[in-house]
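As structure tokens, here come the structures.
Okay, so chain A shows up in both of these, paired with chain B first and chain C after.
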Partner chain A sequence: MKVKKFTAMDILRQTIIMAVLIVMLFPIYWMIVTSLKPTNLILMNPPVFTFKPTLEHYIYAFEQANFALYIRNTLLAAIFSTIIVVVAGSLASYGFARYNVGGGNLMFFILTTRMMPAIAVVLPFFVIFRTAGNSAIGQFFHLGMDRIGTLVVCYTIFNLPFAIWLMHSFFQDIPVELEDSARLDGYSRIKVFFKVVLPLAAPGIAVTAIFCLLFSWNEYLFASILTRDMAKTITVGVGDFWTQRGILWGPLSAAATVCVMPMIAFALLLQKWIVRGLTFGAVRG
Partner chain B sequence: MASVTLKQVHKRYGKVHAVRGISMEIQDGEFMAFLGPSGCGKSSTMRMIAGLEEITSGDILFDGESIIEKKPSQRNVAMAFETYALYPTLTVYENLAFPLRAAGMKGDEVDRRVQEVGEIIGITEIFDRKPAKLSSGQSQAVGLARALIRKPNVFLLDEPISHLDTSQRFHMRVYLKRLHLEFGHTMILVTHDQEDAMALSDRVAVMSEGILHQVDTPRNIYENPLDLFVAGFIGNLPMNFIDAQVKREDGYFYLVNKAMRVPLPEVFTPKAEAGQLPEEVVIGIRPYHISLVSSDTPGSVSAEIFVVEALGDMNVATVQLNGQRLQAVCPTTYRAAPHTPVALAMKAEHTLLFDKASGRRVPADR
Partner chain C sequence: MRVNREKVISFLLVLPSIAAVGIFIYAFILWSVRVSLSQWKGLLPDYTFVGLANYIGLFNDPRFQIDIRNQAIFTVLFMIGCLIVGLALAILLDQNLKGESFFRSVYLFPMAISYIVTGVVWRWLMNPAQGSRLSGLNLLFDQMGLDFLVNRWHTTPYWGIAFIALPAVWQMSGYIMALYLSGLRSIPQELREAARVDGANEIQIYRHIILPMISPVTLSAIIILGHISLKVFDLILAVAGKQLQLDVPAIYMWQTTFDGYFFGRGAAIGILLLISVAVLVIPYLRWNLKTEESL
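Up next, the complex of A and B:
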């Protein structure tokens, strides 16, 4: 067997990678470890590294702090907003990609809605949703303060521009001749979209959907201001353990771990596609 | 099969006037090529015939019946694309079956037709493969097969072979020609490659900037171009153009500029006598019709060698004449260093004259 020789450059590279990884991963490691430590060992100084793991903090988080409800809220808001974003966004970005709707200006305008800090619109949103919650239509769509419909709308508003931009590049990658050919074969434009374009754009749409789920799952600002109890999401829920009696490090770490785990799992599973999504369709489909 | 008639067809994309009033008649069973540089409107014209683009004004008729209100699928045209346009998720077989199923054909019938066309094109062994696993030649064969499968009225070929490498291109070209001779479809080929256009088609329509310059047989396009654009565009070695004036001296007519003075070819004399020749003309002569001669040859023009290239089957001498460069084809044995003085003789019977002002060719009296 050929033994690969390491050059000084290789060693330097590996060292830097190790250093970066330690800096990046240590907080996550520490969070997980803390969530499994018995309470009396958490704040020990010097820290203990060996202990008998316990699930007590997880039990506390779910039983005392209603964490199951927060997960349910987060999932509902994320899934519904993602469905709306993907359906509306794919149609919109197809229109931009193929028919040059708005001559590029409209699409840029849509993107500009992402350019302001979200905090700038939170107060207006607060007033809008409070008012909407008092109307019959608002009630029907679960709008209002501390209601999930409000989160769905917020997440849709903030994910849609991004989704349109991302999917636009995927649609542009599909050769227009395929669509021409299908039209000659007898498909209407709508049928071409559903039968030819969508199947080819499916990977791109999936990537977009994953991003929307991630963003919604991680969202904090809107949820913290527009929800209180009933519609509270998981990211806001983590803050529950910062109490008047002090910070409950164990349950807080347990909650944070629950919050982060799905994201890490997603990222590991779908690494390849996510990287492709980030390169914005630079790779041809 | 059908004849195709274009009547004053215009296409505008916003401010861009891509096709400017094209009229022509394509016979039933004819192979017509739309030839021109990119952006000349040839593809737009084809897409309007297919119904993929709306027509801005004018009319398009199949067999005398206007089809501009019809959807692409109702026109029964088939198209082969430069990029093949095969559905990447379907096998070759499914790609061929797709148009038939889209048209509502069922089970056995679809299979019979797919097998039939697969055998004609010779692609039955690759039926199970996905397009990604095909060579470019195979992909284009599948593209053609898919176009053939619906027995179209008109067969449109959008640069179908310009993507292929040289040997495959020759192969596909011969193949296309044979296909046309055997099945006699009305075929329209869009290409920027004059060789493809000349080799394949019965007639060639030369276009530039949305204007139709000339529609004629390949032979006539080559020998009797109607204007400077066609003359300069057609021919692998570009035609030589020399600015000159028509002058009368001692009762004889001459073509004169600072560096040369040659007798006006006889075929133009009657026009010159009648005063119908413009004073400022452009002489057009192909490199094949200029020869290098000894300097005492009457009517020859002196020039000097710029460079001589050996192209295998001929040598091409580029010469300097009055700061202008001309090309002449010479025997493969010919060699000469730069600045060597030479004399050129132009074959009078192959000399074309163009009106410098309008760019139109001045017809000779033959």
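Up next, the complex of A and C:
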């Protein structure tokens, strides 16, 4: 047996790995540091690394730019659309996985739109919602320009194909025999779905929900077109600090930090599941 | 004939999703196509048919020509950058490294960030100011004695768009790494052992055995990166605002439709983007679905 040597190759490898680590982390580190710096130190040259942290920019962001409202709007739009996507999507993907509805054609009909650029259809959304706001139905469902219901609809539509695609594989993994034996035990079809299928598919549904929340939270295109003030979301709100009087780096960094922290925490906590969702379908041996 | 109860139930399961996608995507695409063939300009709908006039106008429009060029440069650099960095990271991490899962999650985490925030951060890093107002990465280069690296980033004449690929690669290469990593994991260890027994060195193993085996991953990655690159417009807005120099079709579409109310032209740009994605994606999805069924 050869004793493993600590070669130049190993040192090189470690160096690269650490360098990439710094490259990945530094931008976010710097954003957080900037968000805690007193205004007069932000543009100092050379940059200062030691200072007394201040929360003034966060206070500014929440008082001047109403960030509490933006967070509330983003959360509402993300949560409601995710619930709808998960309910409609799990039914559909169960239908496709178990009954092969439409013999693959209907499934293809939905999945083709998974990578569609949203910008190709924003125009009809804009036209529809501009008028929907004045109708009774629009009022009831909070649809229309600058209303949260509008964002819920958009995010639902654009997450649905992805969700069906992802959940389909999880439903397919459930052995049919389990369902059949439950049926023989006298379970009704609905009971089989709720008592046997759903618990087994729960991890997959959770992964899908995580992605829907992530995509909705980070969405910019629809939010920038369909909201003005009342339904403004956090990604659009970040833009409040980069026009008229130049860039307000302090509040901008604070806003960006607020926008990013929940998602990073989320992603790190649920890393394993996210990797499965991300790499699914792209890999086959 | 008896109606098959099972068929009805299963159809009801998929109906809501089919209806939603059918109306809000397919019908809306048709609607967009119709608008793109109209002279609608202004707040009031005007569906007067003008044939392909909007499309022809676009191809003669100097701004749209810049857009296509910018989009092409960005897409190519973004793809190459992500593929190279992603594959390199995957190979690095695939060596039974200590703390591999930690590095993997750190490399992956920029993916969870919105393009707007990435743009904000890199706007600071890629500050083009020169002389005494040097800051961001330029300042770092300057102080490390790497003066030749000091540059004007996205304000570089003509090639500015190339620098936008930098934050995009920063954000997405971890994702490609994850794709490659799971591809590498699916290769049986015995295969490498056998090659080693036959006297192949590590580089030969990668070159002749592993890389060919993970080429389906590369194909998937190219498709994924290709459609992401068309959504880059929020990143550009956050790094530089709306500038002709860094214009891409999506920004043009946004401005002409929602600032200028030129709906006909906006729809035409949207449809052109849709076609370019469809050409790329539909054959791939067909193939993907087929191989999935055969598994």
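The criterion applied here is as follows: the second predicted complex is superposed on the first by the 271 of 285 C-alpha atoms of A that agree within 3 Å, B and C clash if a C-alpha of one lies under 4 Å from a C-alpha of the other, contacts with A are read in each partner's own complex, and residues count from 1 in each chain.
Rule of thumb we're sticking to: contacts are C-beta pairs under 8 Å (C-beta built on N, C-alpha and C of every residue); 3 or more make two chains touch, one makes a residue touch a chain.
A quick note: this is a predicted structure, and the numbers were derived from the prediction, not measured.
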Clash or fit, chain B versus chain C on superposed chain A: fit
Chain A: partner with more touched residues, chain B or chain C: C
Chain B versus chain C as contact partner of A:196, first or second or both or neither: first
Which superposed partner A:187 touches (first chain B, second chain C, both, neither): first
Chain C, chain A and chain B - angle at the middle CA centre, rounded to the nearest 10 degrees: 90
Touching partner for A:178 - first (chain B), second (chain C), both, neither: first
Partner chain in contact with A:38 - chain B first, chain C second, else both or neither: neither
Minimum distance between Cα atoms of chain B and chain C in the superposition (Å): 9
Partner chain A, residues of chain B touching it in the complex: 47, 50-52, 71-73, 77-79, 81-85, 87-89, 98-99, 102-103, 146, 150, 158
Of chain A, residues touching chain C in the complex: 13, 16-17, 20-21, 23-25, 27-28, 30-31, 34, 43, 45-47, 88-89, 91-92, 94-96, 98-99, 101-102, 104, 106-127, 153, 156-157, 160-161, 164, 189, 214, 217-221, 224-225, 235, 238-239, 242, 247, 249, 252-253, 256, 259-260, 263-264, 266-268, 271, 274-275, 278-279, 281-285
Chain A residues touching chain B - in the complex, by the definition given at the top: 175, 177-178, 180-188, 196, 199-200
List of chain C residues in touch with chain A within their complex: 6-7, 9-11, 13-14, 16-18, 20-22, 24-26, 28-29, 31-32, 35, 45, 89, 92-93, 95, 97, 101, 103-118, 120-125, 132-135, 139, 143, 170, 174-175, 178-179, 181-183, 186-187, 213, 216-217, 220-221, 223-224, 227, 230-231, 233-234, 237-238, 241, 250, 253-254, 257-258, 263, 266-267, 269-271, 273-274, 277-278, 281-282, 285-286, 288-289, 291-293, 295
